[in-house]
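Order of writing sets the chain letters: A, B, C and D. Residues in each chain are counted from 1.
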Amino acid sequence: MHDTRKMQQLLGWQNRGMSNRATTRPEPEPLSAYPVMRAIPTRWMDNDAYGHVNNVVYYSWFDTAVNAWLIENGALDIQRSPTVGLVVETHCNYFAPLAFPQIVQVGLRVAHVGASSVRYELAVFGDGALCAAKGHFVHVYVNAQTHRPTAVPAQLKKLLETLA
Amino acid sequence: MHDTRKMQQLLGWQNRGMSNRATTRPEPEPLSAYPVMRAIPTRWMDNDAYGHVNNVVYYSWFDTAVNAWLIENGALDIQRSPTVGLVVETHCNYFAPLAFPQIVQVGLRVAHVGASSVRYELAVFGDGALCAAKGHFVHVYVNAQTHRPTAVPAQLKKLLETLA
Amino acid sequence: MHDTRKMQQLLGWQNRGMSNRATTRPEPEPLSAYPVMRAIPTRWMDNDAYGHVNNVVYYSWFDTAVNAWLIENGALDIQRSPTVGLVVETHCNYFAPLAFPQIVQVGLRVAHVGASSVRYELAVFGDGALCAAKGHFVHVYVNAQTHRPTAVPAQLKKLLETLA
Amino acid sequence: MHDTRKMQQLLGWQNRGMSNRATTRPEPEPLSAYPVMRAIPTRWMDNDAYGHVNNVVYYSWFDTAVNAWLIENGALDIQRSPTVGLVVETHCNYFAPLAFPQIVQVGLRVAHVGASSVRYELAVFGDGALCAAKGHFVHVYVNAQTHRPTAVPAQLKKLLETLA
């Protein structure tokens, strides 16, 4: 069911076909390329009618990995924060199928910290540390009341630097 | 709650800040840029802890719009198709918040048909035809048994041409 | 795929087998038994690995039907309400399968209004007004700050009476 | 945020009010009442607009706990099984709120094995083994092709007996 090699050949092939559209083609990366790792067990409902985890679900894992890391490191308090990180861009490339009841590992790194924005890069690893997907996730910080852009909170900036 | 103008100013601002990363910055588009339109009512669970539709949910709308259009036009039969469209890449830019119980319109167009792949472009419109998000979705066709890449099915190719 | 008659025979059979557990066995009801009706299109992700709408999804439709009706009738303002309806019990019996891309109709009625609680009864109808499932949903009203039980809001009580 | 004691008082109060409707009122149970236990980390999207895990999500945990246990014990092979377990009834009582990023424990026991049906009982435990919810889940076994009721598979029956 998890015909990974063929799927990866396929990806290589597919990316060649699209090389006129993107200057760099996304490639699987090793687990070691991501300093923060979070185990997420799949759920029955993650599988769609094809018996594999649906493409949408990967984004719920990205969201979970980023927000859990922020909350557990004291950099996000949903109820009280005067600033909110709005998600303005997300992206994912899929390299190999996953299926319930696998436990996946979601890797997280900080790719860029701007004046008001943070770009996270994420990857999903299956059995044997296989890189099944990777993508990114961009937060822009705004004032929770006015929704005007605001500086990345100082405490968060410090935390983000620990990963740089 | 739906502070759209500020959010769009924000996006412009945010994209300028990231202009070194992307040659073209994503911009909202009019409803007329999408030949196929599908109404999707939001669900209570689509809202997250911030009281807006979560970023993940937009992808479930993309998936729904593409697959419903394929099924309703006779180009996808999940149980019997000898070929399967695997999702290899998805992307979304968010311009303005949405919230339950809104009904959104999801626009669909075909951007590229390759030997084995199809690239769909999608946008989500809120009240007053506001472009709240846009993104893309790439299918690669493979043999359902061997998972080897295969030509885009002839019947589908014909259907896709009706949108070109 | 939607082998309804067999599924309903099955249900009858199944209920007989469990008759020592429940004094009344749940039966499909006509659409006319529900004064409020809401159309909800299925989504691709609603289907699970068996190619039918997963049992969990029906509850997201119940939640959607109840809350949309409350919001659209001015009886629920998530941001400002001093009282909150907590869900303390939900239940569903499944009579026939449903599958994407069907549009379902969710019927709603008010079964009981207590001092602090409201019991809603819901049913899901597929093609040809087939009753595919029915269930219930109990809200208990509490103060949003203290979480102590409080009277069902007067405005809501009035609204609920319009369905009695 | 997790005002458990008040919520449990509330439940007691609420159940008294409904005592004419149910002969036994559902009560929290200890973790030891469930022989199988599964850790399920919450996800960001599990929280709804009130900042707590939405009532629907508990059912996705039930589904996950039952199916993972069946698959991991060799009693369910989605692709090849000649029989399928259809879900015909689910139920849940909610005793205390849960919120991302908690890890919950889902307890599972077998309450009844009939000729063609199995009734599972489940509970969700939060921090400090607090019983946050409990419910049930009924499978009826049918032939995967004809959808006619069939005996509970022998291998599964054996497995279920290990929990009795």
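Convention: contacts are C-beta pairs under 8 Å (C-beta built on N, C-alpha and C of every residue); 3 or more make two chains touch, one makes a residue touch a chain.
The model shown is predicted, which means the values in this text are computed figures rather than measured ones.
Q: From chain B, which chain is the farthest off, judged by mean CA positions?
A: Using the mean of the C-alpha atoms as each chain's centre, the farthest one from chain B is D.
Q: Is the number of contacting C-beta pairs greater for B-C or for A-C?
A: B-C
Q: As a quick test, compute the distance in whole Å between the mean CA positions of chain C and chain D.
A: 19
Q: List the centre-to-centre spacing of chain B and chain C in whole Å, with centres computed as mean CA coordinates.
A: Centre-to-centre distance between chain B and chain C: 30 Å.
Q: Rounded to the nearest whole Å, what is the centre-to-centre distance of chain A and chain C, using the mean of the C-alpha atoms as each centre?
A: Centre separation, chain A to chain C: 35 Å.
Q: Which positions in chain C touch two or more other chains at once?
A: Residues 44-45, 49, 51, 54, 56, 60, 63, 78, 100 of chain C touch two or more partner chains.
Q: Across the complex, what residues on chain A touch chain B?
A: 3, 6-7, 10-11, 13-14, 17-18, 21, 26, 49-50, 54-56, 59-60, 63, 78, 84, 86-94, 97, 112, 114-117, 119, 138, 140, 142, 146-149
Q: Provide the residue numbers of chain A that touch chain C in the complex, in ascending order.
A: 44-45, 47-49, 51, 54, 56, 100
Q: Within the complex, which stretch of chain B touches chain C?
A: 1, 39-41, 43-45, 51, 60-61, 63-64, 67-68, 71-72, 78-79, 100-101
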